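Both complexes shown next keep subunit A, but they swap its partner, so subunit B is in the first and subunit C is in the second.
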Partner chain A sequence: MKLKGYGWKTAGWMLAPTLFFLLLFTYGPALYNIVTSTAGFTRLFSSPANRNLLGVTLSYMTIVIPGAVLLGLGSALLVDGRTPARILARAVLFHPVILPTVAFAAVWLYLLNPVSSPIREILEWFMGGRRNILGSSTTALWAVALIGILKQFGLYMLYFLAGLQGIPQELKEAAWIDGAGRWKTFRHVVFPLLGPTLFFVASTALLDSLRNVDHIFVLTKGGPSDATNILLYRIFVLGFEYYDIPQAGALTTVLLFILTLTALLTMPRIERRVHYYGN
Partner chain B sequence: MRAFSLKLTVLLGTALGSLVFAPAFAQTTTITFYYPVGVAGPLARFIETYVEEFEAQHPDINVETVFGGNYVENQSKIVAAQRAGTPPDVAILLSQELRTLISLDVVESMQPLIDADPEGEAMIADFFPAFLLNSTLDGEVWSIPFQRSTPVLYYNKEAFVEAGLDPDSPPTTWEELIKYAKKLTQRDAQGRVTRYGIAIPTGDRSTWLTEALVMQAGGSLYDPNSDGKVVTIDTPAMRAAMQYVYDLQHTHEVSPKGVIAWGTVPNDFAAGNVAMIYHSTGSLGFIRQNADFEFGTAFLPANKQYGVPTGGGNFYLLKGSDPAKREAVWTFTKWMTSPELLARWSIDSGYVAPRISSWELPTMKEYVAQYPQALTAREQLQYAQAELPVYALQEIKDIVSKAEQDIILGNAKIEEALAEAQRRADQVLAAFR
Partner chain C sequence: METSLGKTSSKQATAGTPGFLAQKQQKKGIQSLISSYIQDALAILLCLPLLVVMVLIVVAAFTPNTAINRGQLFSAFTLENFRIALKSANFGLLYWNTFLYTFGLLAVQLVTVTLAAFALTRLRYRGRETIFYLIFLQLFLPPVALILPNFFLLKRLQLADTLVGLALPYIASATGIFLLRQGFKSIPPEFDDAAYVDGATPLQLLWYVHLPMIKPHLAAFSVVSLVYHWNEFLWPLIATSSASKRVLSVGLASFTRSAESGAEWGLIAAGTVLVAAPLAVLFIVFQDFFVRSFSQSGIKG
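This part shows the complex of A and B:
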């Protein structure tokens, strides 16, 4: 494991600045949290609000992850190219990503208002009647999930565009010469070569879906009746509003476990570059 | 390594520099002040203006303001800062949080500062007693009322005339309100509602308006003799209150359905889409500036009796803040809660000026003559009670508000939801008994 000309000592010195901050602000607090939160675990499942939590979080993830990834992929395919219209479309689709989530959500709070929404007619047509979208338990989760998707998919589109640009033109041309249409070219050439990008985007989307909660603060505050009370929001409420640190710590440990497991499972695969076109 | 030594040099330099220059600023005391905004309108701007004026008048005191968001967010920030050893010196927090804040060991009593001031006693006597209910514990004044309120009924006078109702006699009872709301609700040819009769906010994890309804039904959401350790959710009064809210939406169909957000309701009213709303008197300023029709305010209608909780925020002294700055803190608090400033704040926002002498000031008299709507909340004080003052306040509020939302959304029957909420609240409060 010895690098040419350099020893462990050099490596240690080079890693030290990063390691110092990682230990101080990431690994240290994480370990501290795991150790101190053991007291909270016993109460974790006795609380009705927590029991509901996992289901809501999973439903939210089930909508957001495929939704954002597919929308990102679809729009990347549509706006890939150099025509001015496509460049403009890219900018428009990417725009929500650079907006602060709170501002983006506040606009939606106004748009989805059941009484004074400026797009009330459109919503009524779309929903088949007047609905208090954020104020009823059946629609609120869909609404916050869709807004979560709209906020984030532009970023995934960017990754996919980068992935698309990495696909050599000659492979697509070869497919066309062999008589493949648009769909077959996509299905058999483009999509397989996008494999690593797709995998990377999917794992990023998974992590994002667990980490992004700002819009919930603005839109529903976990309500109505806990319908949008997802894991990280609940942790915030427990820790910083109920000041129940042990229980917040226990839930943080659960979240940490899920995140770490995801990272461990996906990262090696991403590095292995699962596709057919080598350097 | 070179970069590291450079940083070190800069750090050392700054440290030495501040040592050298520190005495030059020694006469200025800097205090930190956190405040929330709980109602609609550009209220943060008013607060910043007041603080600037205070600083201009007191060159020896420098006030660093921090806008903390809404009440809940602001409190989270303060508790976090205090836990980290850097509490603000003074802050506006909900008056009803007193017991919770004491149990978290975050606040200190203001009483010693009041006692040390020769004018202190007279100052406290000048506050409306109703506003001291949530500020006092065992005869000791812990916090000084600042932005105080009661919920009032806002009603659209033009809509009243249109519906053939007398714009000068708003509904006074629940039955009357239902009758009026029916007349005020407008539908188009397809039967879709174009204007709702009434909206009572039920969102935002608040129980303020629920408490008002319970008081009107002759009950209370807590046992006043339990030292903040017993809430009473599963009661006939609460069942009546929940039935009323449910009926407005589902039986009479005069209110928007589902959970109604607190923050957007004043806008719905000002836009003319809802003819009557229950909201804080603190939203009066926003509605006055945004409604292009004549509107009135009235007491919240009675069931068995009139009744509202007081609400809003007080000045609190933070534990762990520098004792040497107490004099500056008191000067600032006293200035911000002076009759003159409270009158100004009342006119700017719509909050009730909590000092009796504010109402004697010429500016206030002129304002009230022009906008008699501002008098309602003050007159309603005779029916006001303390607002839910229990331990673990936000958790209890969430439990009550979830029960209410379950009822409104049809997820649970009233009896079931309230029994369950009572059980959960008892469990939470058991830790404090």
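This part shows the complex of A and C:
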């Protein structure tokens, strides 16, 4: 007798739509792009904007990833618990995640403008005088990165909160009865157990920093003098404003290379977690 | 959590733990109550800047532009910004296009994602592991990384500048499949055995037995998908070009560009409020549900 739920007969049609669109819009285009983009590589490093590109992208990621992860972790530790104050704080810290990035960026465009910003006294005190923060190549990248962090860290806070709730209460109580203070309990009990969550959040933050460039469109358009011109934004400009398809294709291949590398490095650990929680 | 811990421990202590421990716990209980209030205060302090930003932008939206440019918020009230904003961009059409795109896509996704997750968790066949990895890898290859080749593909398919074309790259959703997989994995295999013994087909099993049990996961995925696509900017900017197919975020960006050159901050604030309002209101009303849905979207298996 043939057992039900076995074999390809049912699984085939159930998986068909997903596999079809996965091949048509992810693997197909990715392979097509890699194969056809070889021509663009020869000219890739002749333009100064491109030479700068990887440095700027790396700087942006170096600020955003640790910044958003640490802010997410810190917030999670502070808002953990069901007191009214913490529930309110949690909602406020999370709300940028559900706003369109372009809307969130438009808010900061107003807040950071040097003439009529409602927080200009704070900014002037902070910057030591009136400055056009988004218009200066030394500060623009920091501003754009900070806004990137503020937009996204609320999601990481939630992941950390879920991780914190997965830690058995008895372990914390045991440490606490043994006389461990708050810091010691965190350092020796909570933090080690958050390891898998931390790893997962860090890889999510890495992906987000590469794919979320919407705020650049509103705030700086890659300027001033390419100071905020990061990889995916540059792909857009080259491909859809200069119509330089070979170069945009070559940069897409670079992006796909970074993403695949990230996948290969992180997948084994995340996958274990997937299987571990699943079974 | 700290508060309740403190309370229960001191209650237990009085209920008869050995003396020295009871004393220690009593002391700890008061300490942790105080530190719980300090933690509350710090939490509020941390969220204060974002709260201020939120208030400032809403106030700016209702302040005349001349007052804003003199740096005088909270000085006068007007609805003029909204009137001009609604006149200079066709917000009705923007809302409608965004609504069609997000809900249309979600309707298709719910079907494809449920079937795929069911096939990945409840059916047995050769090559299941390979397909698992094929879908898993897509988490790392988001469609925005492929804007260039996907745009040319849409043109080739004659679907450029259509809402259908806009939705196609998202129909296979690894995020959704992994979220629903959590739900399917939590259902004991005995349900399947019983259904098959009663003569059910796999599809009947999915429809009558599993679907009612994974409703929370379907709801969580719906929220995550709706929020993501409602807010999406880069791909719609590329995939659609005519004004009649434009979505909210793209409309806001072009609107902001023209208003910025004239330093019309009141107008920008009003536009921002109009774009963010639907989700912001839903978030305020269903706060717990949103938070729960998003925390489930992290991969847990």
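Criterion: the second predicted complex is superposed on the first by the 258 of 279 C-alpha atoms of A that agree within 3 Å, B and C clash if a C-alpha of one lies under 4 Å from a C-alpha of the other, contacts with A are read in each partner's own complex, and residues count from 1 in each chain.
By our rule, a contact is a pair of C-beta atoms (placed from the backbone, for glycine too) under 8 Å apart; a residue touches a chain by one contact, two chains touch by 3 or more.
Since the model is a prediction, treat every value here as computed from it, not as a measurement.
Partners subunit B and subunit C, once the complexes are superposed on subunit A, run into each other and clash. Once the two complexes are laid over each other on the shared chain, residue contacts for A:79 go to subunit C alone; subunit B is not touched. Applying the stated contact rule after C-alpha superposition, one finds that A:115 touches each of subunit B and subunit C. In the superposition on chain A, contact of A:240 is made with both subunit B and subunit C. Of the two partners subunit B and subunit C, more subunit A residues are in touch with C. Using the contact criterion defined above for the overlaid structures, shared-chain residue A:136 touches subunit B, although it does not reach subunit C. When both complexes are overlaid on chain A, the residue A:158 reaches subunit C alone and has no touch with subunit B. Shared-chain residue A:223: touches subunit B; no touch with subunit C.
The superposed model puts subunit C in the path of subunit B at one of 3-11, 39-47 or 327-335, which is 39-47.
Residues 109-110, 113, 115-116, 240 of subunit A contact both subunit B in one complex and subunit C in the other. Listed in rising order, the residues of subunit B touching subunit A in the complex are 72, 75-76, 79-80, 104, 192-193, 196, 199, 203-205, 256-261, 263-264, 267-268, 271, 273-274, 392, 394-395, 398, 401-402, 405-406, 409, 411, 424.
Residues of subunit A touching subunit C in their complex: 3-8, 10-11, 14-15, 17-22, 24-30, 32-33, 74-75, 78-83, 85-86, 88-103, 106-107, 109-111, 113, 115-120, 150, 155, 158-159, 161-162, 169, 173, 176-177, 182, 200-201, 204, 207, 210-211, 213-214, 217-218, 232, 235-236, 239-240, 245, 248-249, 252, 255-256, 259-260, 262-263, 266-267, 270-271, 273-279.
Those residues of subunit A that touch subunit B in the shared complex are 48-49, 109-110, 113-116, 124, 130-132, 134-137, 221-226, 237, 240-244. Here subunit C touches subunit A in the complex through residues 1-3, 5, 9, 21, 24-25, 28, 35-36, 39-44, 46-47, 50-51, 53-54, 56-57, 60, 68-71, 73, 111-113, 115-116, 118-120, 122-126, 128, 131, 134-151, 153, 168-169, 171-172, 177-178, 181-182, 185, 192, 196, 200-203, 205, 227, 230-234, 237-238, 248-249, 252-253, 256, 260, 263, 265, 268-269, 271-272, 275-276, 279-280, 283, 287, 290-291, 294-295, 298-301, going by the rule given at the top.
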